[in-house]
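Structures for review follow.
Note that subunit A is present in both complexes that follow, paired respectively with subunit B and with subunit C.
Coming up: the complex of A and B.
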């Protein structure tokens, strides 16, 4: 069975997802020792060539899979420390991972997920067709809201699609097909599962699919929780498998905590912070 | 050896407890294995039982009118016709076969009262909103809604005798033992918990088990971020023609203690009857 990692990158005017994916892939390859492939669109490839990262990408990635760029009307507010911007968000094609993956067992990760340990290697042989992460853990520990744990206040648990591991077989096909049904009927599912449909979230669609295929109940095997740096947090400097960060307070800009994260996998929600430090990341690894 | 469930009801102006007991008995008959599906009813109005479409769901009907409302349940050991009994609250429904729990209790226990309840999402109830008396007076956290006992048992006899004595003399016991937080009413849960504490048998009759799993639908213990008056204000109840229940987005697999007494409608009764008749 061939194991591998897959990352999606569709650049927008504001965020260089390809560059982030390069950083993420280098971390993943170094620490898990498995091949990493990239799913991109034509305009992202063109930008990779213009910004001189395409050659390096060809070295790092096992395969670069080019697909049509999905059309999106999805927008989101992204913070970068205490500044924020409303940006388009191209994330609607994640369910196509089943068709696109070149691997038998795939770890799908977000491009802002940095694998700084070999912990996820323990899950390749787990006898479960689709595994998600059941929770996020705020690095600071005190900034998690109820909608970080639940799809709605009275509803089902929110799984995090930041990491998804699956075996390519008929059962996982049903899962991803269902994710796509949920995506295309998002308002209907929003009524049924009582969440705000304003922005399409893979986390929600994946959570609903998991819940439905589990007999409208919780349970089943999971990946580890996602250690998360919020988008108000800033990376100060980087080391080998280490980030030194400023953790911000939701209420006050003066209440900054300085922390170091070492040998732990971490979801860095402040994408610009990764991009600003990309050169250092790529040199160190 | 005989085993059966026991439901104790009495006439009440605002709630038709016989109707609730009938729905529960139908759901037991629909879901439990042979030998584990017998139900005895204790009622103060036997005539109304005869008016039900399928009164035979009650294997035994015992007329008894010495106590009213929940006080009657403390007489369960005297009233039950079975060697081994599980006494249930009337406002409950069964959704799958739980006979293996019963088998365990018959083989391993003389008296067992659960110390856990669950939310509709399957989480263990942690909130002590309705259990301040228990918390402040260090009472064992017993839920009498599912009480297993063996009839021929010294332990059960002592326990239920003391339980009855507490219910008969609530003020004395309240002032003596529950001074840190006085309950408005000493109900069966309080009386049983206090009896277990006084007899120092809580570890024998309520040790840690993963079953029985009973979903307790009181609104303030559902782990919601807001206060709630009724569960049904916030999540839907969807009862289908197969007798399955979804609450919100959750398929219910465990015993549901629904608490909102008007939940069991004539339509739900008809569905349960239909399933049983076709069985």
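Coming up: the complex of A and C.
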């Protein structure tokens, strides 16, 4: 069985997802020693060529899979420390991973997920066709809200689609087909599961699909919780498998705490912070 | 501001970073004690190590179903090999934990706590 990692990158005018994917892939390859492939669109490839990262990408990625850029109406507010911006968010084609993956067993990761340990290697042979993370874990420990654990105040548990591991077979096909049904009927499912449909979230679509295919229940096999840096946190400096970070205080913007994350996988929600440090990441790894 | 209050607030920052570093260290320990085997996933702890050793002491060394972290039964063909693996991982992870714990315990400033 061929194991591998897949990352989606569709650049927007504000965020260079391709560059983030390169950093993420280099971390993943270094620490898990498995091939990593990239799903991109034509305009993202053109930007990779213009910004001189295409040659390095060809070196790092096992395959670069070019597809049509999905059309999106999705927007989101992204914080970068204390500043914020409303940006388009191209995330609607994640369910196509089943068709696109060149691997038998795939670990799908977000481009802002940095694999700094080999923990996920323990999960390749787990006897489960689709596994997600059941929880996020705030690095600071005291900033997790109810909507980080539940789809809504009265809804089902929220899984995190930051990491998804699946075996390409009939059961996982049903799962990803269902994710696509949920995406295309998002308002209906929002009524049913009582969440705000304003912005399409893969986490929610994947959670509903997981809930339904668990027989409308929880308690299935899972990946580890996602250690998370919020988008108001900033990377201070980087080392080998190490980030030093400023952690924001929700109560007061003047209050920050510094911490060091070493040899742990981490979801860095402040994308610009990864991009600002991309050169250092790529040199160190 | 009263100097005594300022000193206390500065010290509280150090304590906050210390608490985060200790929590991250525990998280790292848990990550290193996660062990995938025979299609199951195990959290290596004293209970697992003791039970496996007990089975071996009783002469049960092959074809043993163990209950994994997801409460699924997992058939372990070679329990001696399994024991050796979890033993190695436990000691490697706990020695590393101890060494890093001692290091942060001795770090009396935020800079030292985060290796700056």
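Keep this in mind: the second predicted complex is superposed on the first by the 285 of 285 C-alpha atoms of A that agree within 3 Å, B and C clash if a C-alpha of one lies under 4 Å from a C-alpha of the other, contacts with A are read in each partner's own complex, and residues count from 1 in each chain.
As a working rule, contacts are C-beta pairs under 8 Å (C-beta built on N, C-alpha and C of every residue); 3 or more make two chains touch, one makes a residue touch a chain.
If you're wondering where the values come from, they're calculated on a predicted model, not measured in any experiment.
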For this session: Put subunit B and subunit C onto subunit A via the superposition and say whether they clash or fit.
Result: fit
For this session: Based on the superposed arrangement, let me know which partner A:227 touches: subunit B (first), subunit C (second), both, or neither?
Result: second
For this session: Applying the touch criterion given at the start, work out whether A:81 contacts subunit B, subunit C, both or neither, answering first, second, both or neither.
Result: neither
Exercise. Who touches more of subunit A, subunit B or subunit C?
Worked result: C
Exercise. With the two structures laid over each other on chain A, which partner does A:70 touch: subunit B (first), subunit C (second), both, or neither?
Worked result: neither
For this session: For A:154, select first, second, both or neither according to whether it touches subunit B, subunit C, the two together, or no partner.
Result: first
For this session: Check the residue A:259 against both partner chains and state whether it touches subunit B (first), subunit C (second), both, or neither.
Result: second
Exercise. Touching A:123, do we find subunit B (first), subunit C (second), both, or neither?
Worked result: second
Problem set entry | Minimum Cα separation, subunit C to subunit B, after superposition on A (Å) | 13
Problem set entry | Interface residues, subunit A side, partner subunit C - complex | 117, 119, 121-127, 137, 139-141, 220-222, 224, 227, 237, 239, 242, 244, 247, 257-265
For this session: Sort out for me which residues of subunit A touch subunit B in the complex.
Result: 146, 153-156, 192-194, 211, 215-218
Seminar exercise, completed: Per the touch rule, the subunit B residues reaching subunit A in their complex are 121-122, 222, 224-226, 234-235, 246, 248-251, 253
Problem set entry | Touch list for subunit C against partner subunit A, complex | 13, 16-17, 19-21, 23-24, 27-28, 31-32, 34-41, 70, 72, 110, 113-116
